[in-house]
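What follows is a set of structures for review.
First subunit A sits with subunit B, and in the next complex the same chain sits with subunit C.
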Partner chain A sequence: MIFDRGDKVTIRQEDGNPSAQAVFRIGVILVLAVVIFVIVRQMMIPASFGQYGRYRGNSISENASLNAAYAGSSNDCGECHQQEFMALAQAQHREIDCQSCHGPAAKHVSKPAVTSPIVQETAELCNSCHRQIAGRQDGKIVTVRPLLHSGGVNCTRCHNPHRPQLSFEGDKS
Partner chain B sequence: MKEETLKVKTSNKAVEEHMKKVVPRRVFLTTACKMLAAGILAPMGSLAAILNSSFAGESGETSDWTRVWAGKEWGFIVDTEKCIGCARCVDACKQENQVPPDKEVFRTWVERYVETTQGVSIDSPNGGLDFEPLAETEEKQFFVPKLCNQCENPPCVQVCPVSATYRTGDGVILVDGKRCVGCRYCIQACPYGARFMHPKTHVADKCTWCYHRIAKGMRPACVTVCPVGARKFGNLRDLKDPVTQIIRKERVRGLKTDMGTKPQVFYLGLDEVVV
Partner chain C sequence: MGYVFPNELEINWGLFIVLYPYLTGLVAGAFIVSSLYHVFRISSLKPVSRLALIAALAVLLVAPMTLISHLGQPLRALNMLWTPSPTSAMAGFGYIYSFYLIIVLLEIWFMYRKDLVKFAAIKDGWTGKFYNLLTLGAKDVSEKALHIDHKVVGILAIIGIPSAAFLHGYVGFIFGAIKANPWWSTPLMPVIFLLSAIVSGIALLIVIFEVTCWIRRVKIDFECMMAMNKYLWVFLILAFVLEILEIIFIGYEGKEEWPAIKGLIFEVIPVTFFGVQIAGMVLAFFLLLASRKKNISQFAARIMTFVSGGAILLSVLAMRFNVVIGGQLVSKSLVGYTKFHIPIWEEGIIPTLIFLVLPFVLMTIMVKLLPPWLDEEPLAAVTVKRRRDFQAARGIEGEGAAEEIPTLWGRAASTLVFGKIFKEVE
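Let's look at the complex of A and B:
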């Protein structure tokens, strides 16, 4: 190491102004660093970033273009199922969208033959609204104690959900 | 200097031999710098190429969103007087937005407040899908549906270190799943607990008021299925919109307004114990 240090001193003395050279060298390195930073930054940042704000603009379309599982409204159902649609329009359940009970039906609307949103088990489904629980007052909705009311059998044995006020009609539609 | 060179000369031959083998400092440093630069730049170039390819179709933005957003500012009303706690909204939301049904994560959920003389008990088993009957008492018992408040001043957007979440021009906070690194800052920052780590995608997830539906002119899934009309969705810029009418004429309140977040979900009939 001692030998090395001595060597350096002789070289610097030959070149003349050592400090100016050092400044020049640092300057070159700095400029290079900035250029590299700008190039890398340009490559890393997505093109649509900053289009609408400090985020990737294309992300909006990606979010907006996701497929909907639920169809727009009951009107889509009514176009084919007119009988049920008309029956429901006069019943106590008229405010309820078909898909509240039948589940997501966007696929069925676009391809009716592929999927069929028929409700099989109704006891649990009806209970989600009509079972008596704390917080669900009788003034808001008719509530029952399922076991006392029916022994837990399928509600459609007595009620038609499309015309619930007409009891003992059975599974007609 | 003379002394030092003398020292070298006077030292034994073994040391001299060793010194000859030593790489001079300058040579060592320049080589090291070159290797370091090459080592950093080479993988960076390929990394950038990978990143850019993952943002497919980046330059081909067709729809101009500023035009879509013009004259729109979405708002949401929750009528706690009407809610019967059926949790059809919770179920519909999970099906609409691919939120795993068997996991304890929710974009929207229903809380039940039961006020007794001992205090208030709040429960939301499985997001409200599995409410136990409990005993009917004379005290206050009611349901409060919760969802993202799409704050006008969103803390979650502020803390995101990679700009992966943002507020759209029509007032909905969205998540850029491709940019999100899953650091969970936004989940911590949200005072409403509306965000969660998606168990499948492993990025932050939250209610978007079904942005994919409202962009197509449909209502959010929870609003669509609510059997009692406890959830309402509309355009606050449209003075004739029923939602705007309610906000203008009825007594509505947002959640945790003292935090300065300016929530855009307005509650009707909210009790003061609700947090």
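Let's look at the complex of A and C:
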């Protein structure tokens, strides 16, 4: 104990009173705590940590072995959904992949009957690009203030998302 | 307002990140007040030396809650201890915080050991057992043992000062090291944070000391109050000068970021900057100065010190807000400002208020468990029967007579009496 040497105090006095008892016990507890921490830390560090860098090496193979949720591209969709595909190819949205709005569709492509990636008709999806915000320049993308623009009416009531220029043929496809 | 980039619309560091440096600052400040007594032997601060540490511990326990709540993944919190990145200042938090927590806990334990032994001996049932557990079986309260305790507290306080400075300086370091943000990026940031931390900690103690004396209906130690008043004033000047100097420096340099910063403080956050942060400091400066004039009555001086303490607490909270939120309001384009909306629930005003009240709840519980008052008869909290027995044991002369009390506590109590328990360490 460092305090013992410094203060010239022995742990056990002549009359049997251990006066540095407190320091000794705390010292033991601290040492124990450090030892336990080191052991627990060794147990908690993932096995493959640091294999390639400061992350779990296994996470790469784990992610690589996951099934792809997205189908290849819009062309895969076009094989069956020709009407929508042709409409989209000429519209402002032509650079947007089908799955950007419809969500991951790999399952649907392999087994069309099982799942169908229908977009829930929500203004929130459209607003994620078309809501007017600071830093989003109007012109490149048409931006609106949703409540003023439609008063809460769903976008697809007026716009066909595959050919969004207003033509009053919403709800049709 | 102006032009901002799309990824600047959301203020990512919200009110909890405002609270974090505020709370750690209070901890560092309170700890330094206690160290002024333990290390620098400023005896007029003795009445608050224990209270300061209890306050520091209570706030210290709440501080990481703000970070964990902000990040929202409490189960991952300990990963920072298992696999910290050696090159990340933020990842150092786990170790810096833990080290400091241990220092504070140890200092409190050694400071209270005598009382713990006493409570273990004279309290009933589970309470007694609880105190017994807290003593860790180290029940030697001879003069020599207490002297060692006292020395250990001094050593811990010496280690604690740089630790406290480090814990809080590092918060400033994190902000100061963000080179892309002109409102944060300055090597002066850790020092500014540290000084405002000390100021807020002293202010907190002034407020707690005044309020607890009022609740307990005891006469306040005026000398102690005025000592804190003096230190608050000195540190306030340093903190104020550094904060203002920093802005004047940017203005005088007049580099490309100055118009953005000028716009920030004059147009975006003028209320919290000039109205609360600067005004609070100026008000406290003059009140503290005036309270030490000779023709001011003690009562008026106390009120003025108390009001200064409150003003400083608000001012430093505003300073944390202005730094944390203000820094994110300035666009990287330097020609626009984002807006900050204070939410109600999610990282909003209500949980923020809860985090501000929580340290005081903890403090109340801790003060009940470990009374920090030095002016109180230590037996006041004990049941009447135990007190009578204990006083009887105290009154009986001679070893044989004391042994007539057959209970365990009786034996312990007689040991205490003969171990001169009631003699103050100093």
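Here is the rule we go by: the second predicted complex is superposed on the first by the 107 of 173 C-alpha atoms of A that agree within 3 Å, B and C clash if a C-alpha of one lies under 4 Å from a C-alpha of the other, contacts with A are read in each partner's own complex, and residues count from 1 in each chain.
Here, contacts are C-beta pairs under 8 Å (C-beta built on N, C-alpha and C of every residue); 3 or more make two chains touch, one makes a residue touch a chain.
Computed from a prediction, not measured in an experiment: that's the story for all the values here.
Contact with both subunit B and subunit C is seen for A:R54 once the two complexes are overlaid on the shared chain. In the superposed model, A:S100 lies in contact with subunit B only, and not with subunit C. Residue contacts after overlaying the shared chain place A:E79 against neither subunit B nor subunit C.
Between subunit B and subunit C, B contacts the larger number of subunit A residues. Looking at the shared chain after the overlay, A:Q21 reaches subunit C, while subunit B stays out of its contact range.
Residue overlap on subunit A between the subunit B contacts of one complex and the subunit C contacts of the other covers 3, 7, 9, 44, 46, 49, 54, 133-136.
Subunit C makes touch with subunit A in their complex at residues 1, 3-6, 8-9, 78, 81-83, 85, 102, 106, 109-110, 113, 136-140, 142, 144-145, 148-149, 151-152, 155, 336, 338. Touching subunit A in their complex are the following residues of subunit B: 1, 4-5, 7-8, 19, 22, 24-26, 41, 44-45, 47-49, 51-52, 55, 57-59, 61, 63, 65-66, 82, 84-88, 92, 95-96, 112-114, 131-137, 141-143, 163-169, 174-179, 208, 210-213, 215-219, 221, 224-229.
Listing the residues of subunit A that touch subunit C in their complex gives 3, 7, 9, 13, 17-26, 29-30, 37, 41, 44-46, 49, 54, 133-136.
Subunit A contributes residues 1-9, 36, 40, 43-44, 46-49, 51-70, 72-73, 93, 95-97, 99-100, 103-104, 128-129, 131-137, 140-141 to its touches with subunit B in the complex.
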